[in-house]
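Common to both upcoming complexes is chain A, partnered first by chain B, then by chain C.
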Partner chain A sequence: MVPFDIIFQGIAATFTVQNLFLLLLGLIVGVVVGILPGIGPAAGMVLVLPFSVGLQATSALVLMSGVYLASSYGGSVSAILVNTPGESASAATLLDGYPMTQRGRGAEALGISATAGCLGAVFGVLALAFTAPLLASLALRFGPAENCLLALFALSVISAIVKRNPIKGLISACIGLVLATVGADEVSNSIRFTFGLEALEDGVPFVQTMIGLFAISQVLTLSEQNQTISSVELAGSGFLTGFKTTFKHPLTLLRSFIIGLWIGALPAAGRSTASFMAYAEEIRAAKDKSQFGKGNPVGVIAAEMGNNACAMGDLIPTLSLGIPGSVGAAVFLGIMIIFGVIPGHKVFIEQGKTIYALFTAFFIESLLILALGLTYAKYFAKITLVRNDLIVPIILVFSLLGSYAIQNSFFDLLITAVFGALGYFMNKHGYSPVPLVLALVLGPMLEKNFQRALIMSDGSYSIFASSGISLVLVALTFFSLIYPYLSPLLKRWRIRSR
Partner chain B sequence: MLIPKKFKEPVFLFNGFLLGAFIVMHHQASRFPERAQKFPKFVLGLGILTLTLWMVAYLFFPALLKFTEGQAEKEDEVAGNRSRYYWSWFCIAGSIVVGYLFGFMFVVPAAFLSYGLILGEKGKWVSLMTVMLAMTLCFYIVFYRTLHIPVLNGVFLNID
Partner chain C sequence: MHSMKKLLVPLLILSIYPSLVQAAQEKFPSRPIKMVITHAAGGSVDLPARAMAQYMQKYLKVSVQCDNMLGGGGRKAMEYVFGQVKPDGYTIVASAFPSRLIGELVYDSKYKMKEYVHLGSWVGGDYRTIFVARDSVFKDFRQVIEESKKRKINVGGGGGLGSTSQLQIVYLKELVKLNLNFVPFDSDAEVTAAVLGKHVDIGTGPLSGAIRNHKSEEIRILAVHAPKRIKEIPEIPTMKELGFDGVVIPYGVGAWAPPHTPKERAKILSDAITTSCKDPEFIKWAEKSSTMLDPMGPEEFYKVTLEDYRSIEKVLPLLKKEK
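This part shows the complex of A and B:
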């Protein structure tokens, strides 16, 4: 149990003029880097790192916390308004967020995003502060077999996403899984499918791929249409409508929060997995599934809640065990170590003041994001009314910068261009890029844990059914795969029997 | 020789290309160490099976595909202008080449000028030039001077 005086010292440390200024600065930088396609929390924090030199650990982490949390909101703004996820975790938000914008409900979608994001982060940080040790110990029970089955379960949600077009969905997922095998195999370290290109030895770069699939393909689509993204003037009252809409779906909020927090607490399963899983869960739970992907507010609520709860959940194993829950959390972990905050079970006592100052900063930032979303987001919404010949080059240069800035490599720009062409083709011809992205995220986790599990069991597949958790995951995966196809049959059977 | 229309469809060509690539990669995977080849072979095998099934259905049982895909394709078809699409690629590729030669910062004017000249609205140059100059300045101050991203590092011009 952490002594109360440490907690109060941490809370008080946040409320200094310097730290409040840094908090606000981090928040603004976070929203901006979030809006820029490809520059997610990880790259954003690295870009801000030079500014933190000379700061105390508490101040530096308060600054970083702003970038870490606000980039998620910024990513959703660009996903909703210009169909370009600022970061991979916002890809699920655009599935319903952008169609809402096309229907002139962009302001409402932004309001939903800010409210659900705020709720996810507020409850997430409370969970992080009060239950971190408990959740971390539970996540530790997951061995390679369980992690492999978890990835398989997450992949099985593709079945619900591509229900209308299963073959093309499966092809898209296969492309993603094949791309996930490119580069050095993590277990045997052998190089695969690089075709002699050294740049591919670390695998197909994820952010560059995402920028291509979503941003460049969007540039091409917008160029073709020669009009503004939304021709409807956004109503100012839409933001408050979004605020109210969010609270009309308490079950969605609860389900997505649990999924987001849990996925976050599991090492290596990142925010994109959480937002897609929360989104897929809502499709599964909905009576009318046909409205998803066409501007259903529930889709935005689920994705945002899952994403933001996961951002906090990611920090549970990061702070408690030193195991980052995502790429963003990995960078956060590195920065913590630079400033002498060494994660582990002792961190809450030895660095308690800094840790609780961090939690307080997250809490304040969540509320500020809500305020920002409900007031200034309308200015972001104006982006959709800007002429295409102005907005397209802006999206293009920031997308290319996002791809270039990570490694300062022009080869990355080529990768982005190739995936831009692929994304455009897939959108045009009915291949959903979502299974590709999901498979690309989950593929390495699936393979690595599959190999490790088999090494542990001397090649016996029985390890995948050796624990209660494994059996539950196998059952869930099987159910998830067949349910989308079984449910219409069951419905018909019920109607006939009546 | 006349090639049937069926074989010229973009989806058929794309899936055919994928099938060929997957077969070659499956063959290549056999050369990897045993542990490193299991997963890629499984995934590629799954892909080959799916694509083969699609090919068979496309060539011999098209009604089956129409049943599963027809509706989705109709909805996803967006009316667009092909020439604008090709010119857009020209602008993207041109901007990347300019950036490669003179440094990334030159992507900004290249992108704005190419889009403005080729795809932009006539008579709206003032706003275009204003945004272009503002963006270039923003790149210089924020990303070059402040964040030290080497955006002035090209083949012909290397200031970093």
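This part shows the complex of A and C:
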């Protein structure tokens, strides 16, 4: 246990004029970076790195923390309002956030996003502060076999999602899985399905695909309609409505928090995996699955909670083992090292003051984001009342700029355009994009770890049953695959026996 | 007609404008320089490269803009800069070596490291290491070799296309004759996690990352692929001491300009790098960030590239087999 005086020193260190100013600066940069598609938290932190020259470690990390945390809020703003994921982790938010906007509940969705995000970050920071070493050592028990089975379990949720329309749903999932195999096979290093295009050797780029699938397809749809994104902004919606809605779903909050935190603690998976898994689990848990994708607040809560809890979860192995939990956390780690904060299990004591100042900064930022989100939601949402012929070109320009900026590559614009067309087609013909995205996110995790596990066991499948964790995951997967088809039978049997 | 005359004067000025600008540009550098970085922002190539860019602009008096161009394990950026139609010194590339050579030779890339104008390197003295969890049954590398006579050892490595990790595995397999399964991971961080969770027997990775975890007593380094023992961990033997000669795997970060860059411009750039390396503030930054500095001037840097060519060409058939 860390002595209390270190914790209090850390808290006190945050409250200097300079640090509070830096905190605010980082927060503003983070929101802007988040709103703009293509610049994620990693690139955002590198952008402000020059400002941190000459700062003390504590001040520099306070500045970075603002960018790190606020970017996920900013990303959700553009996801909810104009169906453009500001960063990859926000893609899950738009699945129900944007339909809410279309129904005039944009401000409410923004309120939910701010509230659920704040809760995720606040409880995430508490978990980080008090259970990091424990969770980190638990996460280490997940090896390739366990990670493979975890991805399989997460994918099995598709069986629940597609129940309404299995054929279209499975086609969508298969497209995702096929796309996930494009590029260099990370295990054998052989290059697959690239059609000789060098740009595809690193796989189908994720954010560029998301921008196409959601933003561009939406631009096409909007330009067909001569109106506005949402016809009316509902009176009375916004401000506190979203805040209240969030607290009506405590179970969703709890489930998504655990998923987010745990995916974060695993070194191999990041925020987009967490938000999509949290979203998918809610579909699995819901009785009425038909409301998802049509503006169900539960979907927004789950995605936002998962995303923000994961942002904190990512820091668990980063701080306690020096193993970054995601790309964003890797940059955070690099910057920590530059400022002489060397992670490891001793960091909580040796650098306690800096670490607890960082936690305090995260705490303050979460509350500020909540305040910002609730007060400005109404005004942000006004953008959806702008006429389509004005807003569509703006969305188009920013989406394409974002897609280009990620790798400075014209080829990526082509990818975005192709997926824009695919998304438009899927939309028109009632194919849900959720199985596609879920398969695209989880496919590589599944395949890589499957291959790794078999290399380790010299080709023996017994490795997938060699630990308790694996057995539990296998059982859960089987159960979740058959349950949607078993439950109606059970119901009938129960009625008959009565 | 009159209006045509009015137009004529500005048109004339416009037409000679480019040559006016060119004359003014005789002085190099007079506009921002673009430094293309082959790997992602925040990584082990990017951070030292960005730090160098900051100091270079202090001496060049123009801004040096960093631009991450990812793809093909660094090959995309190397090919982009190599193919510059007008090599004017305003576009340079920063990357790691000798992995760029592996990328060129193993994947038959469209760039030739030999033809690149070597500007200089600053990160160096970093070598590949072999490590285990602190509480592993293996206390030294000999025990690993003994064990591998009884069963296959699982070896974790990060990297991917054309990385030094591939080179190290080839060495371990073919020269050390270790009976092993290579388990590839996406990053060095994942390798460390797999080692700590006892999912693989031993891990491989760069010294700069491993040394931190060694000092914080999470892992134990068993051997380094270095020509001599490392100052910070004098108790750890080199591969040569363990009886395996010729398996030194260095790691460094340097900068190159495209072929046919004018000599005097290349000199201005490499002088800026050399001067930056001596800047006390830069040295302080390196110490704070545990970045290992081992600066090389253009001639020495080029010589090292030629040496690396020779040693990699020796194992090239094996590397291609791994591909």
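We adopt the following convention: the second predicted complex is superposed on the first by the 480 of 498 C-alpha atoms of A that agree within 3 Å, B and C clash if a C-alpha of one lies under 4 Å from a C-alpha of the other, contacts with A are read in each partner's own complex, and residues count from 1 in each chain.
Throughout what follows, a residue touches a chain if its C-beta (ideal position, glycine included) is under 8 Å from a C-beta of that chain, and two chains touch if they have at least 3 such contacts.
In this text the structure is predicted, and so the values were computed from the model without any measurement.
**Student:** Would you check which partner chain A:V67 touches, where first means chain B only, second means chain C only, and both and neither mean what they say?
**Tutor:** The answer is neither, since A:V67 touches no partner chain.
**Student:** Looking at the overlay, does A:L400 come into contact with chain B only (first), chain C only (second), both, or neither?
**Tutor:** Touch partner of A:L400: chain B, not chain C.
**Student:** Scan A:D389 for contacts with chain B and chain C and give back first, second, both or neither.
**Tutor:** First partner only, chain B.
**Student:** Examine A:L368 and indicate which partner it touches, taking first as chain B and second as chain C; both and neither are also allowed.
**Tutor:** neither
**Student:** For A:D202, using the defined touch cut-off, is the partner it touches chain B, chain C, both, or neither? Pick first, second, both or neither.
**Tutor:** second
**Student:** By the touch definition at the top of the document, which applies to A:N408: first (chain B), second (chain C), both, or neither?
**Tutor:** both
**Student:** For A:S190 in the superposed arrangement: first (chain B), second (chain C), both or neither?
**Tutor:** Touch status of A:S190: both partners.
**Student:** After superposition on the shared chain, which partner residues are touched by A:P144: those of chain B (first), chain C (second), both, or neither?
**Tutor:** second
**Student:** Quick check for you: in the superposed arrangement, does A:L155 touch first (chain B), second (chain C), both or neither?
**Tutor:** So A:L155 meets neither chain B nor chain C here.
**Student:** Identify the overlap between the chain B-contacting and the chain C-contacting residues of chain A.
**Tutor:** Chain A residues touching both partners: 50, 187, 190, 408.
**Student:** Could you please specify the touching residues of chain A with respect to chain B in the complex?
**Tutor:** 47, 50, 164-168, 170-171, 174-175, 177-178, 181, 185, 187-188, 190, 192-193, 216, 219-221, 223-226, 387-390, 392-394, 396-397, 400-401, 404-405, 408, 410, 413-414, 417, 420, 425, 427-430, 443, 446-447, 450-451
**Student:** Of all residues in chain B, which touch chain A in the complex?
**Tutor:** It is residues 10-11, 14-15, 18, 22, 25, 28-29, 32-33, 35-36, 38-40, 43-44, 46-47, 50-51, 53-54, 57, 65, 68-69, 71-73, 76-78, 80-82, 84-85, 87-89, 91-93, 95-96, 99-100, 104, 107-108, 111-112, 115-116, 119-121, 124, 127-128, 131-132, 135, 139, 143, 147-151, 153 of chain B that touch chain A.
**Student:** Under the touch definition given earlier, write down the residues of chain C that touch chain A in their complex.
**Tutor:** 40-43, 46-47, 50, 54, 67-72, 75-76, 152, 154, 160-161, 166, 181-187, 189-190, 192-194, 196-197, 199-200, 212-213, 215-218, 285, 288-290, 322-323
**Student:** Which of the residues in chain A end up touching chain C in this complex?
**Tutor:** Residues 42-43, 45-46, 49-50, 53, 139-144, 184, 186-187, 189-190, 198-199, 201-202, 267-268, 317, 321-324, 327, 330-331, 334-335, 337-340, 342-346, 407-409, 448, 452, 455-456, 458.
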